[in-house]
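Labels A, B and C are assigned to the chains in the order they are written; within every chain, residues are numbered from 1.
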């Protein structure tokens, strides 16, 4: 069992989820409440990682972040190493790749909050921001939980993007899914099977907990 | 001017519908202004414009000299800045908060002790003692309404907006709460705008009325005057004046006008400015009925119209008679009276009507 | 906060903190997949004399590594199954020509699982035409050196057209070996070094592909210019070319090649 890879994957997944939460809260709020007519364009862009093959995303990221690109060049000057083939590069790739898994449940939950409640809060003197914090977020906890769990699980299972952007460096970018791949290639089936079983168990546990917690919500099949 | 809310605004919808609202609401001390009209007339939209929940497309809304909305100058104060209390039709109590927390929701600016004191005060005022820890889902309709009202009053607003506050309740609760509400508002000296489509409710609660029809304000002002003297047939119809028929003005003499409606001739008080034609408006309550053949023994009623009862319809304690006196005439009498006279459909009767109760609207 | 939540939080945060701790001297090696087993032994031997250096091994196809290295992938030493890749890096000015070294020649074998009905020993290359050879595993000729060599061999022996429809391509030679070893493919053109690994010896039979059928697979390595640990890279290179290192390589069928 490659514990280093497991730790790395857990770290990547948890950091990705945190970063995504920060990014997705304002984005999902905008998507849920804006009246702009070009909202559908943003929705499509957000949903792209759902249908894009991971290798395509990985390819473009490699081009956009490599040492020959402006961003990659800046990064290298600042930190001494390239953005691809680093944990930070993986983090960036994972955030982009798991974006819809956080944004969509959040936006759906926000939009589901009854407008009357939001307006009541405004009439009681609360700003849009405070209304968001005191009314919208508490009433959207189901969607937030779904977003957190899905993003975490999705990042944990990532393979194609990690392979393209990561470089399979042990301890730095060899996530647990890459480790399984490596073990199989090395015909080390025992550890591979054990690692795979661990992932399976964790995923099942996490999903069961989430479904159990959401039992009180009456909508049955909302994405998760 | 300073102690008034002046609304002179329009809201346009993409489909083409326009809501025009032109009226005034006094802001000094206790008064209830009723926004009255049939469903779909735009009453709720007007209320939302006052609240700042809808934007003004043209015109302005000024309160006490302060501009709340001004389309020309691109001013729009959100509801947060208007210091009003708003009660929606669904009450919109926060389901994840207790009654206590709901009441104190808008009091974030106060210190904890002040907030607690005010919340206790509200629980007392609205008879919600003991319900503080409950969630809205555990309350009855009437209790929820009181919590919503308390919540709206918490910040001591200078204007209260109520959207059909009693519609969701059963009739006995409605009647009881109407009385309580008016007393409460009087005690708080709070100017209020109330939306309703129920005529009795309007009459019970309102001091002033704004009549809306198809997005336009048709009449506004003192409530009794509006009911007694509707300015046009649409208003009359909306206010529930039962009989509205066209007539040809035959003559006017000494303040009394004679109007021919079909074969019948009606005497009415001269409103002035009569031309050749006029609408004749008669409230059902103002028509008395006698059996034909009874000799007139002298009364102040100028109109005695022979006719027959075409239909008879019981409405609770009253009976609605549809008469044919050469024109359709609606009449409301007590069930008791109807039984005493043994009135049935087809009976020949005489409708008795005071000239002063006949309302003429010039209509050329 | 519940105990479970505390536990989970410390798991994440604790782990996050540990990643920040400074590691021992790290040597990242990008190694051709045919060194899969040999390099593990080499690492163990090297660690005895250089305990303060941590060897991080990444196996893959040499062609892929070349591409990654042009993008400055953080490897300190590149051991390629095809010397042309390190040479290209030197030509592009991305690696130090002085560090260029060959350590052996790669050999191709034809491999079947022990239980296979295909008699490779008697048929030789003609075994590829055996009816039981429904799926033939080969490394991807576009970027895997063993794949290129295998394709060249098939072409030279006039077998390419017949075998083409049955080909299953592996990303690198190790994956190719795994295809056959697991039974997903019926027969494979593999690296001798992999066939000589204990796990492969135990589960299969092989025969060598005639040496004159394909251009020599010169295996060598180079130190990229952007390496962060030249000192250790040079030390390992020296070890690899030392008698002890070469002996280990020979155990896996790597015959000591040029200088």
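One rule holds for everything that comes next: contacts are C-beta pairs under 8 Å (C-beta built on N, C-alpha and C of every residue); 3 or more make two chains touch, one makes a residue touch a chain.
Nothing here was measured: the structure is a model prediction, and the numbers come from that model.
Highest C-beta contact pair count among chain pairs: A-C.
The greatest centre-to-centre gap from chain B, using C-alpha centroids, is found for C.
Geometrically, the chain at the heart of the complex, using CA-atom means, is A. Computed from the mean C-alpha positions, the centre of chain A lies at a distance of 55 Å from the centre of chain B.
Chain A and chain C, compared by their mean Cα positions, are separated by 34 Å. Separating the centre of chain B from that of chain C, both taken as means of CA atoms, is a distance of 88 Å. Touching chain B in their complex are the following residues of chain A: 114, 116-117, 119-127, 130, 134-135, 138-139. Of all residues in chain B, only 51, 53, 78-80, 83-86, 88, 90, 92, 94-96, 105-106, 108-109, 151-152, 154-155 touch chain A in the complex they form. For chain C in complex with chain A, the residues that touch the partner chain are 11-12, 15-16, 18-19, 23, 28, 33, 36-37, 56-60, 68, 71-74, 172, 174-175, 177-178, 181-182, 199-200, 228. Looking at the complex, you find that chain A touches chain C at residues 7-8, 10-11, 14-15, 62, 66-68, 76, 81-82, 84-87, 167-171, 174, 182, 184-187.
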